[in-house]
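The two complexes that follow have chain A in common; it is paired with chain B in the first and with chain C in the second.
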Partner chain A sequence: MSTAPPGSASNERVALSTPAWRTQGHVPGEVGVWVFILGDMVVFAWLFIVFMHQRSQHAEVFDQARRSMNLTFGGLNTLLLLTGSWFVVLGVHALRRGHQPAGKWLIAGAIACGLGFVVNKVFEYHEKIVVGHPRAQADFFMYYFVLTGIHLFHLMLGLIVLTLMWRVAHKATLGPRNFRTLEAGACFWHLIDLLWLILFALFYLTSN
Partner chain B sequence: MATSSTKTSAATRVVHFPGFLPWLLLMVLTLVSWWLGYGHGLGKLATISALILAFFKVSVVGAYYMELRFAPLALKLIFNGWVVFVCAVLIGIYLVVH
Partner chain C sequence: MNAVKASGPSHAPPDPDYAEETSMSRISQLIVAWSGPAMIVTFIIGGCILARYLPPQWSPHDSAQRVAQIYIDHLTRIRVGLVLTVIAYSLMMVWGVSNAVQTRRLEGKFPALTYLQLVCMAAGTAQIVVNTGMWATAAFRPGQVSPEITQLANDMGFIILLGTWPPFTVWAIALGLQILLNKSSLEVYPRWSGYFSIWSGLLFAPGGTVWFFKSGPFGWTGVVCMYVPFVFFGSWILLFSVLTIRNIRAGEVHRQELAPEG
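Presenting the complex of A and B:
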């Protein structure tokens, strides 16, 4: 597509914004990152299915437990993650166009949304632990804490990844390697977003 | 008049921000599923709709946020295959009991 030598920042920006890039099929980030993302999605799919299967065995008790969930926490966290993900999209777009200052601020905005999610989650965990739950509902809350805990661990890693992206955005010129890092980091952040969308549906919205 | 046209052009610019419309759709669908979480006498339909909406949102995140709409067909198929398969299995398990 491009006849200019590979590796220059301006080249990469042109390459990423031309229609040819869109029609030739571009793996966002790197193939290795997608092996990790899809592997993680398979593990989570198994966890979702195990939860739904357990729920089906004890539908009445699981539904009682679900009714004690505060939808405001789950809903707000969903809105926060989706908005943070959009900031990442805008940030990468700005950096591709060479607008470093905007890119930095947008990635910082995504970090703020991620931190908001953590604060919200801490309040929610605190409320659940203080109020407690009947012994019969122990299974539901075991799944709730384990699955959302694994997700929260991913989110912490994601915040580190976003911080690395923020540092990359500070470079005066960005090369192909930098853009691969940015795209891979962005996809990891979006993975955290999409896994939460299903967790929200399973723990807060699935009723009898 | 001038203020109105400035407002219009600002709104137009926002609409043209990359990923704005998918973000708006995801926000609206989240509010709809949030509403469905309260049941509203819809019974099983509320849960099934919420699950379908959640997986549809995953597909939108994949296509527009992860840029999979520009990715090779194989990657799109694997990703959306996961979406359809996991959604179908979860709804299947849910329906077997209810």
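Presenting the complex of A and C:
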């Protein structure tokens, strides 16, 4: 619609208002995305502390419930997310070197890993709901469903982000704006991976 | 079309229409932006200090008798607090306009994300005021009706208060997306605030656990269910109030610099 003529005072003011630190060094993605990532990690850390506090008070019951978890589902999901994160790293590297076909396929591979996680999780939830659990273990499973549910919600958002990255990878030429999107998206996917590693340890592995 | 007039070179003589466009929008935008902090103060006085819904003086596992007894013992205080709470919700609606009108400058003739912010703000307010209506119903005849009826109205209040997170989440995401998808040469709000907005929006979601749990961190007295959404909603309102007021004071009330098509 309307654009200011080049060199207008308003444009100069915008350029001057960009602080110098923004143009120096390199932050993966951009500074803003780290507000989101570090903030989200703080909130999850808070949830983990709440869980560990509860666990310390009912250690025996929580451990019994933990032993009823199916390590095959948990292990497979860990493997899927780690592989997905690896694909994303390789994909962004390939795109940076100009190997676009490889980049596209690697990001598609990461999407496939994420979808695999969702399918696997649905089977796991289904099994847990059908089999049920003793009333005494209700607390453990409350935390299990809520925390992994919040994580699954993040993962769904991550899949939208990966799809966006996949579309960016199809562009004829990739500019700095596109790499900002790719890097920010990759960082978000790593966050999902990292949070799962802690959830996996808390719900499947930690014993007394 | 206003935008074309306003974005001319600055050394040109001031356009007479320019002053006419901005003279009122500056003060009106300041009024709507300040209603954010005003809302928080009103809510703290009404909802927290007087009616004591936050932190809740009722627990989800309290007996009906106990719930009714608290209403009977503190009737006037609760009613007056609820009047202030419902006023606070209206101030939230007023405040919602301040961001929408600022980020409107980033969008062209068909501002989908601005509309989305406005409908979510209006729908969210319309849903959440029902919660004060429920609590006011509980405080209407406690002791005259059976305690279970008072308990039901009290439960409904909390379930509506925290269970209506979706329009608020969509509202915050719409605002965040508007900041992040910006292709104009203007930066109405800094990019990190866009991420902050989306992140806050996601953190209103734990309020939804109120429907499932009667105790612990996911019930309405819980740290996750009650305090995470409230702390982040409050921070979100304060942050954007500060950013908006700063923009308005710098005279950034109507300027648009839209990117060319493509």
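Going forward, the second predicted complex is superposed on the first by the 183 of 208 C-alpha atoms of A that agree within 3 Å, B and C clash if a C-alpha of one lies under 4 Å from a C-alpha of the other, contacts with A are read in each partner's own complex, and residues count from 1 in each chain.
The rule is short, and it goes like this: a residue touches a chain if its C-beta (ideal position, glycine included) is under 8 Å from a C-beta of that chain, and two chains touch if they have at least 3 such contacts.
Quick caveat: nothing in here was measured; it's all calculated off a predicted structure.
Looking at the shared chain after the overlay, A:V27 reaches chain B, while chain C stays out of its contact range. Judged by the touch definition given at the top, the superposed model places A:A136 against neither chain B nor chain C.
When the two structures are aligned on the shared chain, A:V119 is found in touch with neither chain B nor chain C.
In the superposed model, A:D40 makes contact with chain C only, not with chain B. Counting the residues of chain A that each partner touches, chain B and chain C differ, and the larger count belongs to B.
In the superposition on chain A, contact is made by A:H93 with chain B only, not with chain C.
Once the two complexes are overlaid on the shared chain, A:M156 sits clear of chain B and of chain C alike. Shared contact residues of chain A, touching chain B in one structure and chain C in the other, are absent.
Listed in rising order, the residues of chain C touching chain A in the complex are 3-4, 7-11, 108-109, 180, 185-187, 190-196, 198-199, 202-203, 205-206, 209, 213, 216-218, 223-224, 228, 255-260. By the touch criterion given at the top, residues 1-5, 8-11, 14, 17, 30-33, 35-36, 39-40, 43, 46-47, 50, 54, 139, 142, 146, 150, 153-154, 157 of chain A touch chain C in their complex. Residues 17-20, 22-23, 26-27, 30-31, 33-34, 36-39, 46-47, 50-51, 53-55, 57-58, 61-62, 64-68, 70-73, 75, 78-79, 82, 85-86, 89-90, 93-94, 96-98 of chain B are the ones that touch chain A when the two sit in their complex. Residues of chain A that touch chain B in their complex: 21-23, 25-28, 34, 38, 41-42, 45, 48-49, 52-53, 55-56, 59, 71, 74-75, 78-79, 82-83, 85-86, 88-90, 93, 183, 186-187, 190, 193-194, 197-198, 200-202, 204-208.
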